[in-house]
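Shared chain: chain A. Partners: chain B in the first complex, chain C in the second.
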Partner chain A sequence: MFFKFSAPVTLLGATAYVVRFKTSSSSQCSIFTGGGLSTATRFLRTTTTQAPVAGDDRFIMGEWTAAATMTTRAVTADDTITIDYGSASTSLVTPALSISNGGTYEVPTSASTAYIQKISGNVVVYSGGTLKVGSSGSRMPSTSSLTWTMDCASNVDFGIRIKAYGTFSAYGESKQRITTLTSNVSAAGTIIPVTSTTG
Partner chain B sequence: MARLMCVANGNNTSSSTWAVIDSTSYSESETANTAMPTSYSSSASLGNFTPGAITVDGIGIRIAARTGTTGTLSVELYNHTGAASVAGTEVTVNMTDVVHCSTTNLEGG
Partner chain C sequence: MGFTSTTTTVAQVETKAISTVDSSVQVTLGSGVTYAHAGTGDVVGEVFNLTGNVKILGTSTSVGTYIYADSDAIVTLDNVEIQYIGSGSNTKRGIESANLVGAVNTFTMVNCVVKDLSNSSGFGFYANTITPALVSVTNCVFYNTTLGGTGIITSHTGATAAANLSLNDNLVANFSIGVNLNGLFTGASVTANNLRISSCSTGLSNVSVGSVLIYTSDTSGHYIHSCTSGVLLNGGGKKSLTSCTIVANASSGLTSFAGTNVIESCNFYGNSSAVLLSGVSTVAAATYFNSCNFRSTSSLSQTTAVNVSTVMPSNAYTEFNNCNLGQTNAHTSADITVSFTFSGTLIFNNCVLASSAEITSTAYTLLDENGIISLMRKDGTASNHSAYIKQAIVTPDTTIYKTASPSLRITPKSASITASTRLMPFRAYVNSGQTCTPTVYVRESEAGDGAAYNGNRAKLYVKANYNLGITSDTLLDTATASSDGA
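Showing the complex of A and B:
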């Protein structure tokens, strides 16, 4: 869960900081820790931007700025050349790609495009997060493809984990699976006329 | 190896889509979970970090379990050395804004 400041803040050099948190009522929630509040999970996001490269881990989630106010974030997986993302951690606790509440990672569906995703590490979709390949209204066309590689060094090193209340969807081009004869065909017939010869 | 967080809607390959997570502040675990207090803890009881003179725009945490939907949840950045809250860093949301999660399924992210 990410809490965005009203404006960026420049910190002081040689200064120690902590992240503090509280609820207004007791017994409302708990935070993951390594064994106590001194090891509570947290991070700061800087304002330094850069494109991901091989070995990088990525986080996608909505940004909370106030009560009942979240900006959702969607990343388009537009890769068409191979970049091996992820730090190769086999732990589900430190995925190569984390998609949390308010975050979406989606593969686009442009025609005649070979999309590529290669990841060394786990992909985890948490509660409220979405991983999608196309949509019902924008399906992956037959002229395009998606090749998703989990770059495991050993069997089952990595995988895609959709956790409770997380969403995964994939839509390919609709295909006609059946057709019908347009006329009777004898047992010795060598030509079978059908309504459609395309899939 | 860097940890990047989405900062804008956009293409994965674009530099404007991602921002760097400060490595000194990064702490991740599912080993245990602790109930959030109803007042800010003493900074001495929390793990501190020294990130240097960097510019940051938000705080990420992982909720282990939402056990109630009453009231609010607040986070802030606190200057442990100077013993003062960092102005402009407190953000408050409703408990109802916190996504459904439990320690059974570890789906809080």
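Showing the complex of A and C:
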């Protein structure tokens, strides 16, 4: 969940700041704590911008601007060179790519493009988040491709986890996946007669 | 692209690169296939496309990844290639869909290829469901370059038949277990049709365990070939297979181990043994084959339709109805083989046994006191009945009889085993206080009857009945020399 203060807060040196959560009535939300009960898990977004680089963990989510008001955020994953994102944490709590409510991470489907995604760490799609590669009406065209590599060091270090009410969809070029031979093929034969090659 | 084996050699599955797509019905490879692959006849090989332009990959053949969809997740994978996945760890098994009762999630895989498990304990697709809700895996290819792991597995519990687990039209090749329909299907409904399973150690397995299993499924139309064992029906509960072709499997087409199994309109061709009746001494199976066909192919021998291959308890029951055994291409050993001590019941109703040897000549030596093989209306001929028991072959005789046809002809099989109708006693109802006086006409065969009987005189016994105070089988009378050719 992402929100910002009504105005930028300039942090003063040697000054302790406390951020607390308040709701209008009890039991409206749960706060995930990483350690003691008074320590909510959080990260701080600064106003300094930078394109993600190798080793970065990325968090994509909508921005709450007011009660019941959220601005969705979408990130286009149009890398065509290999950038190994993620800090290689095996924990699902600290994923390399986190897509939360209001956030969309989308690989485009432009023609003649070889998209690349390489991730060292888990990919977690939370409730309301969307990870998508094309759609039923806009598939990855035959002239393009996506190679998405989960860069594990040991078997199943990392994976793609879709949480309740999260959405993950991917549409590749439609292909004839299974067919049958229509006549015998001898050993060393190269001519393959099949029922259909469509796609 | 990949090519399934079309012989009993599992390892003849292979992959080759396409050079050109020549037409809508032909491709040319960059290099020739290593093995021959049949495209006509009883075994027709599959050709499958192993590539997609949207790929999700692990790192290597031993370092893979996983995809896990929690309950209520919404996942659609359409024409996606997924490679290097799986392990034996919970939530990291491969591609896994977990659903709970009342979940609104959907999980759809269509036209995908899942290949190369990175761990032999992994799975191509794991349907981990309490009650399946809108899970569909259709027209996908599951392939392992190295034999191992499981292609597709289902694991269910649940008290409601909230059907919507669909596993139709998939190809599964080169796994230790191709498809495992597993779990406690209490009322759940699984639709698994037209699976093509090849080159696996066990093609289709049902290893449900539990005392209460009501397994309703439409499991039909499968083509299971070139595995070591085509189908394994293991575990309790009722299971059914309909309209399947089970061909060219190296060890057996189908092994029936436990539970209640109904096999309807299936073909068993060119397997080493079509059906193995297997089990343990304490686990019984009741298996019914209706309108099934069993035979060799023109190039692949099938030694037998049914082989009693291991110990079977006395309540093991197998029935064949309206089946054809050994027609067109005969079995090379016998239609029916008994190769282990047999205590159960094997019945053939209105079946054709066309092989030159209908039953192995030594079968009677392996039938124990409770074992019986019964053939009724054999070859579709009225009154053509016979029963094989430990001691003898019992048949009706419409030629030789006393008063009216037929008589009961008992042909002893051994000079050292007393022939008797112990398993087929005659019953008489006697009211309290009445006396029953049974009369039996006995005729010992002469040479003109086929063979001259040279054994001991026939004896008439009343069987033990503790309610009547008869505490042991009691001799009533012994035939005399007048029974010779009487």
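Throughout what follows, the second predicted complex is superposed on the first by the 168 of 199 C-alpha atoms of A that agree within 3 Å, B and C clash if a C-alpha of one lies under 4 Å from a C-alpha of the other, contacts with A are read in each partner's own complex, and residues count from 1 in each chain.
The definition used in the following text is that a contact is a pair of C-beta atoms (placed from the backbone, for glycine too) under 8 Å apart; a residue touches a chain by one contact, two chains touch by 3 or more.
Just so it is clear, the structure is predicted and the values come from calculations on it, not from any experiment.
Peer 1: Output check: A:51 vs chain B and chain C. Expected answer is one of first, second, both, neither. What do you get?
Peer 2: Only chain B is touched by A:51; chain C is not.
Peer 1: Just to be sure I read the superposition right, which of the two partners does A:67 touch: chain B = first, chain C = second, or both, or neither?
Peer 2: first
Peer 1: Is A:28 touching anything from chain B or chain C once the two structures are fitted on A? First, second, both or neither.
Peer 2: The first partner, chain B, only.
Peer 1: By the touch definition at the top of the document, which applies to A:184: first (chain B), second (chain C), both, or neither?
Peer 2: Touch partner of A:184: chain C, not chain B.
Peer 1: Report for A:116: first if it touches chain B alone, second if chain C alone, otherwise both or neither.
Peer 2: A:116 contacts neither chain B nor chain C.
Peer 1: Hey, is it chain B or chain C that touches more of chain A?
Peer 2: B
Peer 1: After the superposition on A, what does A:165 contact: first (chain B), second (chain C), both or neither?
Peer 2: Both partners, chain B and chain C.
Peer 1: Output check: A:96 vs chain B and chain C. Expected answer is one of first, second, both, neither. What do you get?
Peer 2: After superposition on chain A, A:96 lies in contact with neither partner.
Peer 1: In the superposed arrangement, what residues of chain A touch both chain B and chain C?
Peer 2: The overlap between the chain B and chain C interfaces on chain A comprises residues 163-166.
Peer 1: Once bound in the complex, which stretches of chain C touch chain A?
Peer 2: It is residues 1, 3, 19, 21, 23-40, 44-49, 51-59, 62-81, 86-87, 89, 91-92, 105, 111-113, 118-119, 139-141, 169, 171, 196 of chain C that touch chain A.
Peer 1: Mind listing the chain A positions that touch chain C in their complex?
Peer 2: Counting only chain A, the residues touching chain C are 125, 133-134, 136, 139-140, 142, 144-199.
Peer 1: Which stretch or stretches of chain A touch chain B in the complex?
Peer 2: Going through chain A, the ones touching chain B are 1-53, 55-61, 63-70, 73-79, 87, 93-94, 98-101, 103, 105, 124, 126-129, 163-166.
Peer 1: Within their complex, state which residues of chain B touch chain A.
Peer 2: On the chain B side, the touching residues are 1-22, 25-41, 43, 45-82, 85-89, 91-103, 105-109.
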